[in-house]
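Read through the structure below, which is laid out as structure tokens, and then see the notes.
Chain lettering (A, B and C) follows the sequence in which the chains are written, and residue indices restart at 1 in each chain.
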Amino acid sequence: MNCQKFQEVLPYIIESGGNKEEEEHLRTCPACAGLVEDLRYIATQAKLLLPMHDPNPRVWTGIEQALRHQGLIQEGRMSLMGHTLVPAQTKSWTPVGWIMAAAALMAFSALLITYRPQLPPAPASAQNMNAQSATLPADDQQLVSQVSERAPDVRSAYEDSLREVNVYISDAEQAVAKDPEDAAARERLVDAYQQKEMLYEMATARSLP
Amino acid sequence: MNQHALTGIGAVSILALGTVQALAADTRKEVRLEIAPGGMVNVVNNTGAVSIHGGTGRQVVAIYTTHSSKIEVDQTATPDKGRIELRTHALGDQHPTSDEARVDFDITVPAGSSVTVSTATAPITVEGLSGDVTLSSDTGQITVRNVAKAHVHVRGVTAPVNLTDIVNGHVEVTSSGGAVQMVNVSGSKVSVGTANGNITYRGDCSGGGSYEFTTHSGAIDVTLPEYASVDLSARSVSGSVQNDFPLQAKPHSPFVPKSGSSFAGTSNSGLSSVELQSFSGKIRVKKQ
Amino acid sequence: MQRPHKGKLTQAKKIIASGLTEAEAIERAKGGDAESFEALYGLHKRRVYSLCLRMTSNTAEAEDLTQEAFLQLYRKIGTFRGESAFSTWLHRLSVNVVLMHLRKKGLPEISLDEALEPQHEDGPRKDIGARDNVLAGSIDRVNLERAIESLPPGYRIIFVLHDIEGYEHNEIAEMMGCSIGNSKSQLHKARMKLRDLLKLSRAEKAARR
């Protein structure tokens, strides 16, 4: 075995070790031995590289803003999951603040009851759906159970996708109900059902032995 | 023989057996199977990777590596050699873990063969074919490159889908949550539907075909060259639409554009039909 | 709830002044508790950000990706079942976020196509013939980090995932959609390139003395 042949197989044997011929070459060739020593040393040193960079504080600010924008957290209010949030560490509400917030909430509720503006339908994203409805319909749950028995690795993929597709169907049904003559809405409803059909077909195939 | 010696021998034996087992677990095999011209190759493999490329000759050359003795790969062929199947399955009452069930395939098929692959988490890569391609994966990334004049059907749950250089094709992609990316994909029909997976297209929508990209809440991003000849419409029910591509308004069209939520128009001679639809996702069309 | 004795908790685990453990914070975050989620961010931000920075070599991108990773964490934390360590699960999620971003950018992935690999003149040279001076004992971590930063993206991704973050080739192959052999080959080339860069750096230093 010469150096060229040894170095061609080196990527595949450097961690697991080579056959007799390859190990023999490594023992007897100073150039290749030096190369392997260097590469292993680089790998060893890399493992010692610690995570040493902290992100700029604006990263957390961006995360907070994004979560608020998506309606997933609202300071001082119930979360979509129905739990009362612990107030953020950096801010604390005084009793006056709570009274004012409660008054604002009551005023806003009164406004909604007396005046209903034409608001566009709220976008129903998978995130909102996840938060709003933690359980799937019984059929979907049964399907997920069957999938997870045989292929547990893909369980969450099916759960998430079924939730999203159910929202899709719901939105499409509402659109058709609103205007039965809307051909695009009917097409979307067909698409939504086809998505669900695909998930069932694939899950069923996964569930079979 | 005293207790210590017996313990030592036992330990060494266990170590030796473990080593033999570990070495025996990784098994690489190469099989060659004759296939009829235009025949079909079917691969079923839940975990690992499946890579298929077009080659010459009349054989399917499959190189695969198993990583435990709890699974095996069955190879079957019809008598007329029109259909070849490679299927991974657990042996007997074995219940392999994901790692143990993993098989990595590297398969060369005659370029005109049709290919069908089904995986759970294994990524699939197919390239260099002119036969039909039908791929299905729950979460494994699906990549198709350099396929001409063929039907390409892809289904995924959350599997990301990448299609590149698919020309004169008939393409249908249904993906629930996986992002679908297309570069230089064209043909008589290119249809992509997702629930919340993003859809990205970069190409010229050439061929006078029908291009339909539909999503519920994913984003649709289309980038076209100035010379693209398209009759394009885009609408989003509650998401926004943005057009940065020069379009001429269509006279006598029943489509009524609505600022911010729909637009339509033609470019050059409007040969290919491009329809972009979303419920709540953003749609954007840009010039290359 | 019985609070664990403060003295028994390491600083890393005692993430809120009230003495909640990481496990407790995870459960609360699943229920929508924003403060607990912020605490998890504090505990894991450095590792996630360092990973993003090493894989992209770009501070702005790394900040965006860190933000996206934690947003995804917020959406998906309900699916965390405890089958693996939380840090492992979060780490995998972060890697997927970075890889998805790199794919969207159109960066060349691991490919069987030679034309997509880093150009020949950028690739490492084969080492055949006389033994060179070995690197062992001469690398400092600053130089190593700089050298990693200057690797071509395809090499850098694999090197970071395998040698720094500790993913196995089968995991990398699954994430990148390539074969295990390809992953090993790219890692080898990354190490060879680093060897060239580090030797060059050492020679430059020696020349300046």
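Methods note: a contact is a pair of C-beta atoms (placed from the backbone, for glycine too) under 8 Å apart; a residue touches a chain by one contact, two chains touch by 3 or more.
These numbers were taken from a predicted model, which means no experiment stands behind them.
Comparing the centres of all chains, each the average of its CA atoms, the largest separation from chain C belongs to B. When the interfaces A-B and B-C are ranked by C-beta pairs in contact, the top one is A-B. Averaging Cα coordinates per chain places chain A and chain B 20 Å apart. Our note on geometry: chain B versus chain C, Cα centroid distance of 26 Å, whole angstroms.
Shared interface positions of chain A, defined as residues touching 2 or more other chains, are 126, 160. Shown for chain C are the residues that touch two or more other chains, namely 181.
For chain B, the set of residues that touch two or more other chains comprises 47, 121.
Remark: chain A residues 120-126, 151, 153-154, 157-158, 160-161, 164-165, 167-168, 171-172, 175, 184, 187-188, 191-192, 194-195, 198-199, 202, 205-206 touch chain B in the complex. Across the interface of their complex, chain C is touched by residues 3-4, 7, 10-12, 14, 30-35, 37-39, 41-43, 45-49, 51-56, 58-60, 62-63, 66-67, 72-73, 79-83, 85-89, 126-127, 130-131, 134, 156, 159-160 of chain A.
Within the complex formed with chain A, the residues of chain C that make contact are 28, 31-36, 38, 41, 45-47, 49-51, 53, 62-63, 66-67, 70-71, 74-76, 78-79, 126-132, 134-137, 139, 141, 144-145, 148, 159, 163-164, 166, 181, 184-185, 187-189, 191-192, 194-195, 198. Contact residues on chain B toward chain C in their complex (touch as defined above): 47-49, 51, 53, 65, 67, 99, 102, 104, 106, 121-125, 127, 140-141, 143, 160, 162, 179, 181, 183, 200.
Residue ranges on chain B touching chain A, taken from their complex, read 46-47, 98, 118, 120-121, 136, 138-139, 155, 157-158, 174, 176-177, 193-196, 214, 216-217, 235, 237-239, 277, 279-280.
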